[in-house]
Amino acid sequence: MTFRTFSLGLLGTFSLPWLLIVVVPYATMQRIQPVEFNEDDDGRTGPYVPARPGRVTDGAAVYAANGCYTCHTQLIRPTYAGSDMWREDWAGVHVAADNIDTRRETSVFDFNGEAFAQIGLTRTGPDLSNVGHRAESYVKGTETTPEEWFLMHLYNPRGDFEYWSSCPSNGHLFTVRKKTGQGSGDALAVKARKGREVIPTADARALASYLYSLQKDDQVPYSLNYSPDKKRAIEQ
Amino acid sequence: MSDSYQPIDPLRPDLDEGTNVARTHGAVVEDNAAITRERRVREDGMEPVSLWVIVSSAFVLLVAGAVLNAGGGLFNYHEYRVDGYVQREAPGAGDSGPATAPIMDALVKNGSKVYSTCSGCHQGDGMGDGASYPPLGGSEWVTGDTEQLAMIILNGVNGAITVNGRTWNTAGGMPAQALRDPVQLASVMTYLRNSFGNATGDVVTPEMAAAALEIYKERAGGSPTPPQATEAELKSDHAKMLSGEVMDPATVVDLETFQPVEAAGAVE
Amino acid sequence: MATDSDTIKHADDDLRPLIDRSLRHPVMFFFTSAAAWLAVALILGIVASAKTHAPEFMGNVGWLVYGKAYAAHLNTLVYGWGCQAAFGVIIWLMARLSRKECRNPGTILLAGHVWNFAVLYGVIAILSGGGTGVPWMEFPAAVWPVLLISYVFIMAGSVVQFRCKEGGHTYISQWYLLGAIIWFPWVFTTANILIFNFNGHPVMDAGINAWFKSTLILLFFVPVGVAAAYYLAPKVTGRPVHSYALAQMGFWALAVIGPWTGMQKLAGAPIPQFLPYVGAAATVLFFIPAVTVAVNILKTVAGHASTVAASPTLRFTIAGIFGLLALGVMGVCLNFPAGLRFSQFSIAGYGFEILAIYGCFSMCSFAAMYFIVPRITRREWLSRRFISWHFYLSAYGVATIVICTIGGGLMQGAAQEYWNMPWSDAATRQYAYGWGTTVSWLFILFANVFFLLHLLLMWARLGRRSQHPTLLHQHHSESPHGPEGDIDEIQAANA
């Protein structure tokens, strides 16, 4: 084998896949256009833009820096790739009795506003695509808000919850300081040392807001809907 | 010692007579013992390619082919899902059966949807408008005999009718409601009898609603637009409960067939 | 009358020490620094692994939360240990095989220090909350250009040596080394630029990251390990490499298959849907170069079991080759259509990575280090027992980790797929395996602390001055190398 053969061979065998599976899809996906609703199929018009109320960008940065993606995923796979769609509370809200079924796979627009889609490495903890809905159901009937629930979970996942969790206690996202007077309105409803209260930092709030914004079950346009029961708007 | 120029032999160190060759060589050998031990790398092996390699590689190629087959649509940069993908039903979901609920809840929930047609006149709170449309809450026609209620709904009402001590006589009366599905009829009747302040606590089952529809057909006698009912007729001919098995409002039923399910608590 | 082969041998005997002397500073620096980073990586790995089954372990230490510890563990393992060990092996091996002395050891040494500082800065940034959240690229985005530039300065000399070598045979190892030298910057730059410096689609960024992780393993770490094996096996046994044709087939199979791998981690994600399946198919196909190389090397040493048992170099090499074979088999098991959904989000992926980095690459690197260090320090290893412990604890440790993470991972994945069971079922299923992993990492740490100690002693020129190599078995009562014992005493006795 001459050096010429070797270099041509190396160049050829690497640049072909480099182009086909790295560069071309990267360029193609950079240029994705929003999918439009249309009157006949969806009963509305306009582009499909998932609404993500909450501190998406800031919160995503805190999520990334704390390595939450090492244990949690944010991907609901189609039924040919996994059973995520069927697991309760993961893909959306499904109440058969009320004929409510908002479950759907992760769509290509679900990570808008984030720099890097935190698909995740493992599922040591549950998938977080719709954790906002789960938090809402956990606080239903109480006076806690979903963000407060998240803050409590981040502070001590093994606190007063119904299930065992191996999530780390993210105490570094909170400050424990001396209580003044009746205590701050921001203090977490957790037991702290006498005379002290636990205050979430800005990072904790951003993360809680980001987690609450994870409700990826909104209505997608007809062309992105893979449900077997989907009906066009004009046929309903 | 010679002054003449001697050609340098590259294999021998540049020595003068005073050097002990053996000792120098020993130093080389000892200091670099590891290196002098070394053999050369030989790559002149010409054994044929082993059969094991070929067979296992072939097997692996088949597996890889199966993987690619599972994907499909090679180099299509605009397909994000496998071609023709439709969500599969959860396997074993059929075994646990369709959704179930207590019959009272199921009928009331469905009835509230049916009622939306009625709310145009009788208002969303079922209290009527005080002038033309009588209230349903507290109305003896609603909470009384179910056959009367069914006839009112299916045929409409004309002429004066006394509701809760007040006489109503709206021009044209109440139009007939085109409810032919026993479940829909049963739903709205159960809803009316248990809402707006009414609390009869009983359910009108689809079986009873079916009986009501029979009575309606008989009364209509084949005419597609039977006459509206009158107060006198209702009191004389229909002052009874609809026939049918009385069902405990807490009975758990299948939400599709509205039949009771065998196992209690067979909810998903 | 000197024969031609004697002539060549003498020429080699003269040239080799010169080459080794020229390289001693950069190579010893890389090896020692890498071994120290390995110890750090192992400690972080133990902390991270302990937290999977005992979440309150060091729960008050904010800079060691699981996510940060895990990220720091992998980054130090890859950039601190893996890359630096690879650099040491590459520059020494390329110099030896090209028969060229190193002309710029000072530059390489300086670049190595810069690399070290960049990695240190990166790890501190991760632990203090500045990580980027991109797996295996958690160093802040400003670090990668520094790493790339150091890399160029470190490797430039080796490429020049290769181009300037006097004609004649190009060794198999050199193909792999040259491949690794070219593949690494191409992959590294592509991934970092596309993810950090261009504005791409977030999901495609995740895809490119997955591609980066896989190609870094298969096109940098594995080739360097294989290059070391193709050098050490024929070298130490004196046998020729079993089949040149098989060697060519293995190299080109890796070159063709390697770059397609990686995106199977995004199966089911909203990216062009052929990408994950091409990645899975290519990872399955990786078995072919793996089995080719393994058969070639194992047949080279076949029949020399006593040599393999006695030589630390060969033992570690063969262990590394078995690791490579296991990696090929795992590639098939974790990526065939049914297996992929189980392994995708379980710790089996971590097991695969550790098998590649520790089970294959590190074992071959240890082999190379046990061979190279005596030659550049001109001392023999001090303790047979240290080497023996290093070998057994590493081999058993990595085998246990791989069984626990891959076996446990597949069970975890299967439990995850039981969608009508509560989540705690799947979550708790991996605790026992997590415990096994922690204990194994502890053993491996133990092994490598001894290795680091051993290496530091060698670096301090405290090795044995002897003509005898430090072998793991002592069969001959009378050594062919002459009497055993302190060299000065022997010379005094003979004088």
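Per-chain residue numbering starts at 1, and chain names A, B and C are given in the order in which the chains are listed.
Everything below uses one rule, namely that a residue touches a chain if its C-beta (ideal position, glycine included) is under 8 Å from a C-beta of that chain, and two chains touch if they have at least 3 such contacts.
Treat the numbers as computed from the prediction; the structure is a model and nothing was measured.
Colleague: As a test of whether you follow the contact definition, which chain pair has the most C-beta contact pairs?
Modeller: A-C
Colleague: Compute per-chain Cα centres, compare each with the mean of all protein Cα atoms, and return the closest chain.
Modeller: Minimum centroid-to-centroid distance belongs to A.
Colleague: If every chain is reduced to the average of its C-alpha atoms, which one ends up farthest from chain A?
Modeller: Most remote chain from chain A, centroid-wise, comes out as C.
Colleague: Nearest whole angstrom, what separates the Cα centre of chain A from the Cα centre of chain B?
Modeller: Centre-to-centre distance between chain A and chain B: 21 Å.
Colleague: Would you kindly tell me how far, in whole Å, the mean C-alpha position of chain C lies from that of chain A?
Modeller: It comes to 35 Å between the two C-alpha centres.
Colleague: Roughly how many whole angstrom separate the Cα centroids of chain B and chain C?
Modeller: One centre to the other, that is 49 Å.
Colleague: Touching two or more other chains, which residues of chain B qualify?
Modeller: 70, 75, 77-78, 80-82, 90, in rising order.
Colleague: Of all the residues in chain C, which ones touch at least 2 other chains?
Modeller: Correct list: 270-272, 278, 340, 419-420.
Colleague: Multi-chain contacts in chain A: which residues touch at least two other chains?
Modeller: 25, 28, 78, 80, 83, 86, 105, 108
Colleague: So in the complex, the part of chain A that touches chain C is made up of which residues?
Modeller: Interface residues on the chain A side: 1, 3, 6, 9-10, 13-14, 16-18, 21-22, 25-26, 28-30, 32, 60-61, 63-71, 73, 75, 77-78, 80-84, 86-88, 105-108, 110-112, 114-126, 157-158, 163-172.
Colleague: Quick one: which bits of chain B touch chain A in the complex? Just the residue numbers, please.
Modeller: Going through chain B, the ones touching chain A are 70, 75, 77-78, 80-82, 85-90, 93, 98-101, 106, 109, 255, 268.
Colleague: What does chain C use to touch chain B in their complex?
Modeller: Interface residues on chain C, with respect to chain B: 2, 7-13, 16-17, 20, 97, 169, 171-173, 231, 234-236, 238-247, 249, 270-274, 276-278, 280-282, 284-285, 287-288, 291-292, 295, 299-300, 332, 335-337, 340, 374-375, 378, 380, 419-420, 466-469, 481, 487, 491.
Colleague: For the complex, give me every residue of chain B touching chain C.
Modeller: Residues 11, 26, 28-50, 52-53, 56-57, 60-61, 63-68, 70-82, 90, 92 of chain B touch chain C in their complex.
Colleague: Taking the complex as given, what residues does chain A use to touch chain B?
Modeller: 20, 24-25, 28, 78-80, 83, 85-86, 96-98, 105, 108, 226-228
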